[in-house]
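Here come two complexes built around chain A, the first alongside chain B, the second alongside chain C.
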Partner chain A sequence: MTEMVTSLLRRAYSSFASHIFDVPARLLAFLLFLLFLVMPLTNPGYFIYTGEGYYILGILVVANIYAIYAASWDILAGRTGQLSLGHALFYGIGAYTVAILYKFYALPLWVTIPIGILVSVSVALLVGFPCLRVKGPYLSLVTLAFPLILTGIFFMFKDVTGGELGISSLPAIIPVPPYTINQQRLAAFYFSSLLLAVSSVILYKIANSKIGIIFVSMLDDEVASKASGINTTKYKLLAFAISALFASLAGAFAASYESSVGISMLALTMSFYPVIMTILGGIGTIYGPIIGAFILTILDRYVLKVVVSDALAHTHIIERAEDLAPWHMIIYTSVVIIFVLAWPRGVTRFVVDKLEDLEEARELEEIKKKKK
Partner chain B sequence: MHLLEVENLTKRFGGLTAVNNVSFNVDEGEITGLIGPNGAGKTTLFNLISGILKPDSGTVKFKGENVTGLESHKIVNKGISRTFQVIRPFRHLPAIANVMVSCLCPRMKKKLTWLKSPERKALDMLEDVGLTEMALEPASNLSHGDLKRLEIARALALEPDLLLLDEPFSGMNPIETDYLTKSIRRMHLDGHTMVIVEHKLHALMKLVKRVIVLHYGEKIAEGSPKEVAKNKKVLEVYMGRVI
Partner chain C sequence: MIEDLLIYGAISGAVYALLALGFTLVYGVAEILNMAHGALYMLGVYAFVILFSFFHLDLLSSIILATIFVGFVGIAVYGLIRSVVDEVLPVLVVTLGATLVIQQLSIIQFGARDIRVPPMISGIVTLLGVKILQDRLLALALSLCLIFVLWIFISRSKIGLAMRAVAQDREVAMLMGINTERVYMLTILISGSLAAVAGMLITRPVVNPNIWQTPLYMSFAIVVLGGLGSIKGSLVGAFIIGYAENAVLYLVPEGQYLKGAVALAVMVIVLVLRPAGIFGKRMEIER
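Right, the complex of A and B next:
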């Protein structure tokens, strides 16, 4: 019995090792993720008892949510070429379904989140049909309209959706009472990290599977894809559904994490976040948007709001840390522009290319040594 | 019963009649040539048969079944596959994945059992056109001639009952043309039925037994290469009017 278990474990480890350790870029990603997970444990006092630790954990949870959200956009836009500019639709539906079901039926999260995903996927299939009739910029325009339409509908049924106030006081992720808010946030951090790990592995697997090949064939040339006997309509809808699934997962989690939903979840900025994050990180890679989400969320919520403002306030360039606020968006967008100009194919692609070059050089060295 | 029966096919683009009342048949196992000057409607005719365009009138019957106006992927799955005059590779995908897309359509899913994976099939097809070494290269790194062959591998991977080749020799140097002529001959021996559109009459006439000549969307002649070469109308179209 124990032998079986050990042999199974050994096989699992060797398959894991061959998948992760042999590819330098993956090893790097794995190590980063590991570091990310143990980070709160390196200084538990700070993260469990201080307000600042609480704040930083919050940023990381939001980054996790955005990472799932951006990766879901990438499989649709980066892999099949359907540049949706209304992805907030799925995010918002996931969030609002959770909120409305809790408000009226007090259903627990493990029921509402799957329902939210289901609703979102069905909407994706519905929305997909008109979207498939149009291509390129026209598709982007059509998708742009859908979250706005939903916002209108939400305002029409204010008693259900709460109108501009939204719905608040939703249950927390870990509802067991004796925990402090810091501990709850730590739990949310680990839970969202788990969700991110699982979703990104699934998305990456899909993107690199046979279905992923068909997706890219549609991105490159739809007519040729049809000439290869592929029912492109079916696969586009599939891409929409997969994308909606993970976007709504992110939305549903965000709703329960922030314990409230609001109309801002359907706003244009919400639709553009995944686009910016994906392009900055590397479109079509799946891991790119995840890194992009982390870079931008940390830049936005920590570097600009805390580090830079405090430093400027200390050196008396500005009077109070809050005075940087008007400059915030200008600096943020400038940084995005600099990133995109410096690495137009994405930050991650640049790193992966460099790592591959190093690996190649190392292999060449080895061959030379053997010849000697 | 003929394998492909095209009857009175007509397609208009506004005031221009690109294909006008064209009828012809293709029998199993034969190679048919489709020639005509630029703008004669050859590619349009291919687009009509393969479902990329819908005809204004007329019917296309394949194996006795009416396939007129069906979506192109459905027609492919019935057994008609085609190549494009202007190459349309999937540039982001490696060569082998380009061919694999064809192996993943419903038609091939039925044909490929667990004994033969789509990967294996794709590799076999690449070997047939001599691209094995390029299997893992992204299509964007391949030369024009290689891409032409990749296109044919992609069409052949569908194990079609009828193969429509749209100017397979265009942009190829003499060596590549020779190589392709040989592979088309081999495909013919394997029992493939083909319709070939071509401008390089020299290469085409060596391959085909029957030629159909189009001019301004109308069929003006049909017959063996020798007959067609003597046909007055054809000579007028190609050489100009004899005064």
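Right, the complex of A and C next:
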């Protein structure tokens, strides 16, 4: 028995070593992730307790949620080329299923989140079906319609969905009484980081597996991949289902983290967030959208709402907080526009290309030296 | 009842056609999915309200000035995307960003509150036993006029010919000595102006900085329904959506919430039956 366990552990370790330690870039990412996890413990006063309506861990939790959401869009759009502009449909369904099931049946989260994912995946298969017939911009515009149609339906059944107000006071991820608020914050952070790690690894694996290659073949040339005997219908629906799975996971987690859902979860802006994050980070890479989500969330919630607000509060240029909000949005959007115009293929692509250039230059130098 | 539907459907259809024509024109000629179309629409309404009810200019000159202003804002948006104009997603994100900037600037300038849009003319007429505001009738007449003028412009004038040539094949048009850059700019100018006029005609009774969303997805629905880049298709699509919307308002008690949803549902159904819209060309394998 013990032998079996040790051999299993050894096998796991060796595969882990060969996959992570031997690739410098992955090792770097792994160490960064570890640093990310340890960080809050080094200075809890700074990360957890800061009052005044925000705390830094909370911002990172939101970034984690958006990262999962954006990465799920990337596997659909960046890999198969189906540029969906209605991803909020899956996010919203995940969130609303959790909320409605709690409101009417008081089911716990570990039941409602899987149900939310299930509902979302089945909706994805349903929605994916008409989407199979349309291509390119038509597909983008059709998918854009679905969350808006659902919004209309939600408004019709106000007593179930709460209409404009949504549903609030959902249970937290960690049951309240025995734990302090700070412990809950830490728990939410670690739980969301775990979710991000697991889902990004799964998405990355899928993107680089045989299925991922088939996805890319459909992006490159659908007719040719059909001619090679690939059942494109099946794989397109599969892409929709995978994407919906992770988007609804993000939505369901967001619902329980913010302990409320609202109609804004289905709004146009919510559909555009993953698009903006992915384009900024680098489409088709899976790690790009994650980086993009972190850049934009930290820019939005920390740099603009905390640092800039504090600086302006001292100068008394703008007196009231609500006068500041539009300026935040303008700076945020301008940063996005500048990033996208400067690096249309994404920030991570740009960095990776630069690193590869350096590597190549170094190798050339070495060859020259050898010749001498 | 049926007369109500007939007349109000026609009015909605005509103004929606005006809205969607600008969008489809830009896509047809320059292959730009202009997400800032809704923002230009909104800007048109604001400019009109300022000129008409705050500066007390007369109706015609405030419409014309507001239209020209929005047209130039459209050119400014094009200036932003000029360097990435061939790539679909960066264009999408940047025009969307421009929309948000315009929205936030209007919040700073006018506040997030509702501002009343005055009717262009007051009074009521009775037509086929239906009472209609003269304002709405003017909207119908004005949009039909503009659509007709645009149609003539595109099919008869030299610039219209250049636009059609660029839409058909950009490289060959360039070889024939057409300055595509200038044609793009002109197209955006026309498109922005049309959006502005549509805004002035549709938006009643109030305007606020969030009204850009509905016209944006409405023009999507119409344009996709008719076939992207097809002017004839947009006209037909606009009337289909206009009538469908009004039919829902009359038939379903909760109709006001479903108005937008029904328009979009119609679009989805049509697309499932005809994947490239009613008048759209089938997507070719190789361009």
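By our rule, the second predicted complex is superposed on the first by the 320 of 372 C-alpha atoms of A that agree within 3 Å, B and C clash if a C-alpha of one lies under 4 Å from a C-alpha of the other, contacts with A are read in each partner's own complex, and residues count from 1 in each chain.
To be clear about the criterion, a residue touches a chain if its C-beta (ideal position, glycine included) is under 8 Å from a C-beta of that chain, and two chains touch if they have at least 3 such contacts.
Predicted, not measured: the structure shown is a model, and the values here were computed from it.
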Exercise. For A:Ile214, decide between first (touching chain B), second (touching chain C), both and neither.
Key: first
Quiz item: A:Leu268 contacts which: chain B (first), chain C (second), both, neither?
Solution: second
Quiz item: Which of the two partners, first being chain B and second being chain C, lies in contact with A:Trp327: first, second, both, or neither?
Solution: second
Practice problem: Name the contact category of A:Val336: first (chain B only), second (chain C only), both, or neither. | Solution: second
Exercise. Would you mind checking which one, chain B or chain C, touches more residues on chain A?
Key: C
Self-check item: Partner chain in contact with A:Ala255 - chain B first, chain C second, else both or neither
Solution: neither
Quiz item: Given the touch rule stated above, what does A:Ile59 touch, chain B (first), chain C (second), both, or neither?
Solution: neither
Quiz item: Once the shared chain is lined up, is A:Leu170 touching chain B (first), chain C (second), both, or neither of them?
Solution: neither
Quiz item: When the two structures are overlaid on chain A, which partner does A:Val223 contact: first (chain B), second (chain C), both, or neither?
Solution: both
Quiz item: Which chain A residues lie in the overlap of the chain B contact set and the chain C contact set?
Solution: 223
Self-check item: chain B to chain A touching residues, read off their complex
Solution: 50, 52, 71-73, 76-77, 81-82, 84, 88-93, 97-98, 100-102, 104-108, 118, 154-155, 158
Self-check item: chain C - residues contacting chain A, complex
Solution: 27, 33, 80, 83-84, 87-90, 92-94, 96-98, 100-101, 103-105, 107-108, 213, 216-217, 220-221, 223-224, 228, 254, 257-262, 264-265, 267-268, 271-272, 275-277, 283, 285
Self-check item: Residues of chain A defined as touching chain C within the complex
Solution: 83, 130, 133-138, 140-142, 144-146, 148-149, 151-153, 155-156, 223, 268, 272, 275-276, 279-280, 283, 323, 325-327, 329-330, 333-334, 336-337, 340-341, 344
Quiz prompt | Interface residues, chain A side, partner chain B - complex | solution = 210, 213-214, 216-217, 219-221, 223-232, 284
